[in-house]
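Sharing a structure below in structure tokens format, with a few things to ask.
Should a chain be cited, it is by its letter among A, B, C and D, assigned in written order, with residues numbered from 1 in that chain.
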Amino acid sequence: MINAAIVGGSGYTGGELARLLCRHPKISLEAMTSRQNAGVKVSHVMSYLEGFVDLRFEEKLGNGDYDLVFVAAPHGASMEVVPDLLKRGLRVIDLSGDYRLSDPSIYRKWYGLDHKDHDNLGRAVYGIPELFHERIAGADLIANPGCYPTCSALGLAPLFAKGLVESHAIVDAKSGTSGAGQQPTAVTHHPVCASQVTPYKVGTHRHAPEIQMVLERLARGFVDVVFTPHLIPIVRGMLCTSYARLNEPMDLGSIQLLYREYYHGKRFVRVVQGTPSIISVVGSNFCEIGLATAGKDTVVAMSTIDNLVKGGSGQAVQNANIMFGLEEASGLDFPGLGV
Amino acid sequence: MINAAIVGGSGYTGGELARLLCRHPKISLEAMTSRQNAGVKVSHVMSYLEGFVDLRFEEKLGNGDYDLVFVAAPHGASMEVVPDLLKRGLRVIDLSGDYRLSDPSIYRKWYGLDHKDHDNLGRAVYGIPELFHERIAGADLIANPGCYPTCSALGLAPLFAKGLVESHAIVDAKSGTSGAGQQPTAVTHHPVCASQVTPYKVGTHRHAPEIQMVLERLARGFVDVVFTPHLIPIVRGMLCTSYARLNEPMDLGSIQLLYREYYHGKRFVRVVQGTPSIISVVGSNFCEIGLATAGKDTVVAMSTIDNLVKGGSGQAVQNANIMFGLEEASGLDFPGLGV
Amino acid sequence: MINAAIVGGSGYTGGELARLLCRHPKISLEAMTSRQNAGVKVSHVMSYLEGFVDLRFEEKLGNGDYDLVFVAAPHGASMEVVPDLLKRGLRVIDLSGDYRLSDPSIYRKWYGLDHKDHDNLGRAVYGIPELFHERIAGADLIANPGCYPTCSALGLAPLFAKGLVESHAIVDAKSGTSGAGQQPTAVTHHPVCASQVTPYKVGTHRHAPEIQMVLERLARGFVDVVFTPHLIPIVRGMLCTSYARLNEPMDLGSIQLLYREYYHGKRFVRVVQGTPSIISVVGSNFCEIGLATAGKDTVVAMSTIDNLVKGGSGQAVQNANIMFGLEEASGLDFPGLGV
Amino acid sequence: MINAAIVGGSGYTGGELARLLCRHPKISLEAMTSRQNAGVKVSHVMSYLEGFVDLRFEEKLGNGDYDLVFVAAPHGASMEVVPDLLKRGLRVIDLSGDYRLSDPSIYRKWYGLDHKDHDNLGRAVYGIPELFHERIAGADLIANPGCYPTCSALGLAPLFAKGLVESHAIVDAKSGTSGAGQQPTAVTHHPVCASQVTPYKVGTHRHAPEIQMVLERLARGFVDVVFTPHLIPIVRGMLCTSYARLNEPMDLGSIQLLYREYYHGKRFVRVVQGTPSIISVVGSNFCEIGLATAGKDTVVAMSTIDNLVKGGSGQAVQNANIMFGLEEASGLDFPGLGV
């Protein structure tokens, strides 16, 4: 068994990691930390884990014999704890934004902070296994991607990787409210958001440069990204409706075929015939992708994930599986709820 | 008082017309027809109208002394009844798609029907008062616009009318489920749609050529329109997130100023500083518009309406007010619910 | 015109009062106070009121020439400001809980505060017009009822007033989240409440003694009340499903007839044949009541209101109309949204 | 491995059975029937099962070597197919209402049909394992309980089994819309149900006599049951708020202790300190129970389940596990979603 710990475990990301790890056949969850809930039983805070996780939150990670640490701390806090964990020789999967943007000046621009761990920033591997599988296996430090970049990049990757479209992408994203985290705010107050769809941080969301970075790696060149996130009144799940314009005419069937080939053998990506569904993937690590053409030359790539699973904790477990040479789907091999 | 009748009054559009007309100071609702509910009290079918509408549904419109008829029949059925109404000398506001697309070949292409009333198709005036006010006053027949074209065209109009953007628009629209009408279907079955956002009819929705027609009138030239409607799990209200690329750099403040000037004096359009809100307009005839810039040169125009009011029955009443020389806001001069 | 002011106007109750008063034909809204938003335009905080309310929030109520003050302050704060307003000779409608429970010892028990204004507590008239109409007309101070007591008491009143049932009532209430107010909390955090129905404060909610007080006045004797409020994932509207046991057998038709007679001439109460609907009353001051019998001898009384209108600000306006001898429905004479 | 088949597999119950069985370690899903979808791949109809269920729907069950058949047909149809399955020597778990009510005259009264299989009706074992465990192990035919009876009976059982309350129970139940099945109807049309809570079939729902039957078995005597189901705007999950009156005073702590002892060792029942949560159990086979006291002598028992799992397909799998001597939690040993 691989012994794992979660640092910063009392938020949605930590709870979801625990929900997945508690029935993982090869990874054993041995510790969870939380300043706020130190000393409290995990199942007291998350009643659904009673009978599955028999731990108490610790104030900080002890000297236990861990192989792997998931860091679910806020950005800014992650880069304070990751260097020490790496020095201890532990493998680290960081779920914050701290190690995702490889250029510290871009990090500073979008996060408003100086990056304090340039060394490890260079070593961090950006963990979307379907796109960057090879480097993950050997990594010590994984920057676990944001939910929006995961969903939109999977939706657009074949087009940009194969050079079929102009260097301009529009990502119109719709996310459930669990993506906003556990802290109540005016934006997630039920009377405010439940009868609305709310665009927010248009042009200023931190996932914009992350999407751009991924698309540029695939396209090997500059990509102009327009990213508009919206909050929709569901809790789990996300749809990205992404737009790109073809360089040359191409019919829908050929595009679908291209996608099927591109994702051939990728367990967690499902290219569907019509439009993808959120409820098909909720609770699971799957991504569904559907395609359409519209107007003169525009491809509409629609992709859905569970933002807390494939968009967060599930992808982290998938990355862990790859790092440790386990089956990629270990602990994740179950379908979405469907209803 | 102006005497009005509603043909095809038992759907959401008819009910909403009745809700608005029952407290209109200058228009009196004198008849509603419904084959399905002929003979039944209106307030029996729509309990909320008890004490406000004291009519029974009639099977078909009699020879009463009407000045104005709202036709809320399905497309295809409207063009069967409108010619006779016009021959009787009545003013007609048609809420179906039958008289919106001025070119019968485009109508045939998108509706799959031959248009049977070419004469009146040529006379019909497309009724978005904020864009085409002058022709409405003298019209006998108004083609009341679709909800998506109303919302997206109001959001994009200043950019295209002033020639500031390329001839390409992406309209990513999110509608409440009341837009799908009163008939239960698999798509609006609550377990199917309530935990999802569902793109549908991507590239094939009938409102696409209508949006294109409006933008082309404003731009005086071809516009390539990509239209992606989504069903979101709210009942009333709609957001269009529309994208266009500037010909020349322009800062956000200047764009906002342009919009404020363009809509100066238009009672029902509100250009807001940040993002627009659906709950601010629900229940009312208002449209809220917010603007952002993103990427290199993209304008993101966000617009909200209540799809049943400004996107349907409310705009029909607004058109009626203009046709009969009443105050444009007569019977519509109340705010949205806000909460 | 009657000049009115709202003290504590920046919450949902204040906004809803403003929404209703801004189109009231006989009451003119002249001032709104808010410590938090002092100096800010009302329509800046509540964009839906732009063009309808042209006021700025004042820090505290000035010496303007008001006839009527709506106090929308939190409980505890109301009894600090009400005495002075009454001394100035103004009529006051208090929307907090401060003047609802006529016995100060019960107030202390449930609100955890000593009541500081015993004098006016004795003079305050509890304002459900359909049940206590006569005393409202002559009142200086109205205690505007809670949403749950309004809805459940209207649903049960005929049974208790006519002595038909045992002295025991169960009120199983389901409220939209706007009833929780404008302040974000863990309970109204969308991911927490949107996929749930949540019972809360079972046996300990402050509306329990208020329901008991009303039923006891009607029954002229002790009534044992069990009150279980639930939060449901809608924003506006409330259903109370209330249970009482008949003393003597009585068929459903007779019960329905009794209700129709009891509420004869009451504009805002609608006794329906089957089950009542929330969407029929949303946005309006109406209460719908439906009835059923079940088990051996139990009456199930189901009642719906818009918690912000008939359950709050609308009923306050209705009380104001009665106090000033206006039409009872003045400014409130419009139907619910229906869809 | 135990070979299982599902008869009538294309509805929500069948899909949920397949979702659970596809990762069951000891039961292998070998066939699914559906008249409507005969010949179609299961994963074509239920995309979330792609990669998990590699079957095509068959028109009717063939002569395969099955050990166990889940019958997910509508009531009335089940009793047509169950006798033959039993004659073939197969174990049967029937998820319809056909074998739940042991008295055929009560069946006729509530289902409006004559029961055609009196023999097996007598042999059928009502399958709530936490209440009737011993008889399930030896059964050939399990009547899998309704969702409402499962949830409410688990909530009330200790009180009635221990004789602590009067012979009168009120069950005020709130269910997600998936309980209404896959067929779109006016009641589950999103615009109709999404902004409401809707009581339905008050006093006439078929689960009323089933609840009564269970409580009477526990109480060993007549129980007067009042059952009011409500549809709430969530998809999965159910809350029953049930009321009973104590014969003798008893404090809340003692009641909670009684419940903990009564359910000691029952893996899927969790007695919580405060109120139970739906999202804690969604996706899982758990039932959460919370308790309160209110009024003079009333116990409020609140219980939550996922209506499709513990209220249907999950409990069916639990019953199968017991019938075949497997671990009771086999294939069901995972927590709810929590968020």
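Heads up, the rule we're going with is that contacts are C-beta pairs under 8 Å (C-beta built on N, C-alpha and C of every residue); 3 or more make two chains touch, one makes a residue touch a chain.
Keep in mind that this is a model prediction, so the values were computed, not measured.
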item	value
Selected pair, greater C-beta contact count between A-C and C-D	C-D
Euclidean distance of C-alpha centroids - chain C vs chain D, Å	39
Euclidean distance of C-alpha centroids - chain A vs chain C, Å	46
Chain B, residues touching no fewer than two other chains	12, 178, 191, 194-195, 233-236, 277, 279, 339
Arrangement of touching chains [line / ring / star / complete / other]	complete
Partner chain B, residues of chain D touching it in the complex	12, 176-178, 180, 182, 184-186, 188-191, 193-195, 233-235
Footprint of chain A on chain D - complex, ascending	12, 15-16, 19, 22-23, 46-52, 178, 195, 235-236, 267, 270, 272, 277, 279-281, 283-284, 286, 288, 308, 333-339
Complex contact set, residues of chain C against chain D	168, 170, 172, 174, 191-192, 194-200, 202-203, 208, 224-228, 230, 232-237, 239, 241, 243, 275, 277-279, 282, 290, 292-296, 298, 300, 302, 339
